[in-house]
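For reference, chains read A, B and C in written order, and residue numbers begin at 1 within each chain.
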Amino acid sequence: MLKTLQNLDRRWIFLSMLLAVAIPILTRTVFPEVVSKQAKMVFDAIEDLPDGSNVLMSYDFDPASQGELLPMAQAFTRHCSVKGHKQYYMALWPLGSPMVDLSIDTIQSEYPDMIYGEDYVKFDYKAGGEAVIRMITQDLRGMFPMDSKGVPLDNIPMTKNIKNIQDMDLIVNVSAGDPGTKQWVQFAATPFGLTTVSGCTGVQAPQMYPYIPEQLAGVLGAIKAAAEYEAAIDEAYPSIAENPRAQEAKRRMGPQLVAHSLMIGLIVIGNWIFFVSRKRGQA
Amino acid sequence: MKRTVPLIIAIVAGFVLLIANFIPFAESWGLTAQEWFNILAVGAMVLGGGNLVKLHLMKVSSKRKGWGYSVVTIACFFGTLFFGLLKIGVHPNPLTPDYAWSGYYLENGSTLWWIYEHMVVPLTSMMFAMLAFYVATAAFRAFRAKNTEATLLLVTAGVVLLGRTYAGVWLFEGWLPESMQWLRFDNLTVWIMDIPNTAGTRAITIGIALGVVATSLRILLGVDRSYLGQD
Amino acid sequence: MSTDTTKQSNALIWGVIFIIGAIMLIWSMSTSRTGQVWVTAQQHAFTQLSDGSYTSTDAPASGDIEWTTYKKVSDRDLTQEMIDNGSATLSWSRTIGLWLAAIFTLFILSFLVGDNPAYKFAEAMVVGTSAGYVMVIGLWDVFVPNLLGKLFPTLVQSWALPGMDVAAGSQLLYIVPAILIVMLLFQLMPSGGWISRWPIAFFIGITAGYRMIGYVEADLVAQIKAGIIPLWITGQGGFELWPTVNALLLTIATLAAMVYFFFSIEHKGLVGKTARVGIWFLMITFGASFGYTVMGRIALLAARLEFLFGDWLHFIPSS
């Protein structure tokens, strides 16, 4: 047994991981979610804003992290839409622009009463990362003279009175890396005191905790936090709870439990092999 | 000249930004520098694309092993550029339908959109999804509790792995007394993130900040000239 | 394991995979519209007004501008009635695209069995298409409006951005970044690469300036400020034990971890012990990071499998 495990072909481990994720997906296993403190903080940051507030949504991620971040991005969109907040979309990653398009598709299909230019607007992607953030904290038109449809900002009802992002009531950043939440904290939230919440990948999430609560009002770390946020929204807005498209993160928690259990099993077995081999080697 | 002028450019550019941050009079200089930086970033993208083509063309011309795949890379690169730059399949902007080129280059249904949706998305996302498998083999083969520190790491990882799923609640349901609920893995995970993780990350963050300040000062004062390369 | 045994086991694995895959595909195609993408058509027509502007119209006449766009009908919304009455039609380009997306996903997955030509082909494609795509975005979103639009506003306005404000006229100062871009491209030349040092130096200088400002304010000063917290917590009921313990622990752990990173003093005696405590807290930090990282990776895999089982094979409702 020990020798078999020591020489185990790694493809068996690959297969076990594949099955650990595939079977819960096929059986549609979903578990109840308990809203954690962090998810509640993010939920409250958006919920407590007066209806119709200005919210800047920066999507700084790409298809590689779509599986983790798109559910929380869509949840942000639905929450802001149901609160009637004015949503200003932008992207600091080149492949973030199509992610914004997905959120706009959600608005157009689920909230058809919302009007482009009055309730939501999209800005093009701009290169430069922190330079873009620095610029728009002082002069929005310097970076975005027009929206993504080529209409000058002065001709759009919801942007004509916006000088820079200091006129925003909240910044929502969905981030997969650099540029991302760290740059928003460094160049917008800290120097100008702009209230910022973040949804970020599991890799990034632990690094954001020192910024809470003075520099970041809350962080959704990884898919689990996205599922908790969805649960918080469902509790507050039953109409969203009935929408199967709004439960994507919750659905992905089924495979998480099984796969995490597999990971712990693998660590335990790996260490068992190590200790037994060492003992037999010493004996 | 080859090294002096770029050195002066780097120092001046950096100090313009610093001065613009503190002196309102110089704010417009900083904004101009930032705009140029953003435009130059696109130049860097073009350079990246050019370098990619150059390397793969060299591989094809010298017929090195795997040159056929370089042909695929170059074909995909130029194909994407062609369909994207020429806005193939893109309709005009409905606000200005008489301007044929006014449409959004990534319009739903256009050729570039098709490439993005059916090639870029599945390929890039599956590439990164493969990491799940490698993390599993790493867990089995490499993560060993050889000493106190490694044991601490693995125990914390185990608590967080279970705590961030329903198992963190379910494992303790029905038998854990109310006064001991803090031991439930989900509550323990929250505590781990709030206290030890915040402490460790804060120390790392402060250390990195000091390092970045030191490195930036070295560049702005002209001490570090490694970016100038060799003559 | 000998080469022959490896080849045999690889062949066996591929055989099993193809058989299981074929069974799944046949099952799927016999019970659902596997890999089919249905769309509804939307007609757009615009007629010219007397003032030269255009307005949308539902009754297009000769000379009007017309085009058709297609919107995907999700599998849960698609009904047989829609197919029968022709309101929904099969989109061959999107159907072929969906099958290609699934095949490319499987090509990448095939790397788990072993390196193979299908994976290498997919890898070559991802490199080429991603690079080309990012360049297209950079050129249309930044280069055209922010550079060409500043240097030749009237031309750009008449060509691609009719909504652009041309009142400011040509801003010749933007010739500087244009020249810097040309200089940057000298990196690709066999000789004269030193010319690219100017724009690179500009990048480095600006980045150094940004980083200093950002890191000092947000990561140094603000973090030190956040780390200075009351160590004796009282509330409405008086002294609170656990918040006080947590505050003490947070402060001690932060200081201990910082002592670990201080390499100018030898880690002996009290300093050594403090550094040891610091590294324990750092290990807890890394353990938490590992847990979160695993969560992230598995979510990515789950998303891809949802695509294969949902959008392609229809074993589960598609997203």
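The working rule: a residue touches a chain if its C-beta (ideal position, glycine included) is under 8 Å from a C-beta of that chain, and two chains touch if they have at least 3 such contacts.
Source: prediction; values computed, not measured.
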{"item": "Graph class of chain-chain contacts, one of line, ring, star, complete, other", "value": "complete"}
{"item": "Most heavily contacting chain pair (counted by C-beta pairs in contact)", "value": "B-C"}
{"item": "Chain nearest the overall C-alpha centroid of the shown protein atoms", "value": "C"}
{"item": "Distance between chain centroids, defined by C-alpha means - chain B, chain C (Å)", "value": "9"}
{"item": "Chain A and chain C: spacing of chain centres that average the CA atoms, whole Å", "value": "12"}
{"item": "Gap in Å, rounded to a whole number, between the CA centres of chain B and chain A", "value": "15"}
{"item": "For chain B, residues contacting two or more additional chains", "value": "34-35, 37-39, 41-42, 45, 93, 95-96, 102, 106, 108, 116, 120-121, 124-125, 127-129, 132-133, 135, 139, 154, 157-158, 161, 164, 193-194, 197-198, 201-202, 205"}
{"item": "Per-residue multi-chain contacts in chain C, two or more chains", "value": "112, 133-134, 137-138, 142, 146, 160-163, 206, 210, 213, 215, 219, 223, 226, 285, 288-289, 292-295, 297-298, 300-301, 303-304"}
{"item": "Touching two or more other chains - residues of chain A", "value": "14, 17-18, 21, 64-67, 94-95, 97, 126-127, 131, 134, 149-151, 206-207, 210, 222, 224, 256, 259-260, 263"}
{"item": "Residue numbers on chain A that touch chain B, as the complex places them", "value": "8, 10, 13-14, 16-18, 21, 31-34, 36-38, 62-67, 94-95, 97-98, 101, 126-129, 131-132, 134-135, 138-139, 142-143, 148-151, 206-207, 209-210, 212, 222, 224, 253, 256-257, 259-264, 266-267, 269-271, 274"}
{"item": "Chain B contact footprint on chain C (complex, rising order)", "value": "44, 46, 48, 54, 56, 65, 67, 69-71, 93-94, 97-98, 100-102, 104-105, 108-109, 111-112, 120-140, 142-143, 146-147, 159-163, 173-174, 176-178, 180-181, 184-185, 187-188, 194, 197-206, 208-213, 215-216, 219-220, 223-224, 226-227, 246, 249-250, 253-254, 257-258, 260-261, 278-295, 297-298, 300-301, 303-304, 307"}
{"item": "Touch list for chain C against partner chain A, complex", "value": "9, 13, 76, 112-113, 133-134, 137-138, 141-142, 145-146, 149, 160-165, 206, 210, 213-215, 217-219, 222-223, 225-226, 285, 288-289, 292-306, 309, 315-317, 319"}
{"item": "List of chain A residues in touch with chain C within their complex", "value": "9, 11, 14, 17-18, 21-22, 25-26, 28, 64-68, 70, 94-95, 97, 124-127, 130-131, 134, 145-146, 149-152, 154-155, 183, 185-187, 189-191, 201-203, 205-207, 210-211, 214-215, 221-224, 244-245, 248, 251-252, 255-256, 259-260, 263"}
{"item": "Residues of chain B that touch chain A when the two form their complex", "value": "27, 30-31, 34-35, 37-39, 41-42, 45, 93, 95-96, 102, 104, 106, 108, 116, 120-121, 124-125, 127-129, 132-133, 135-137, 139-146, 154, 157-158, 161-162, 164-167, 169, 186, 190, 193-194, 197-198, 201-202, 205"}
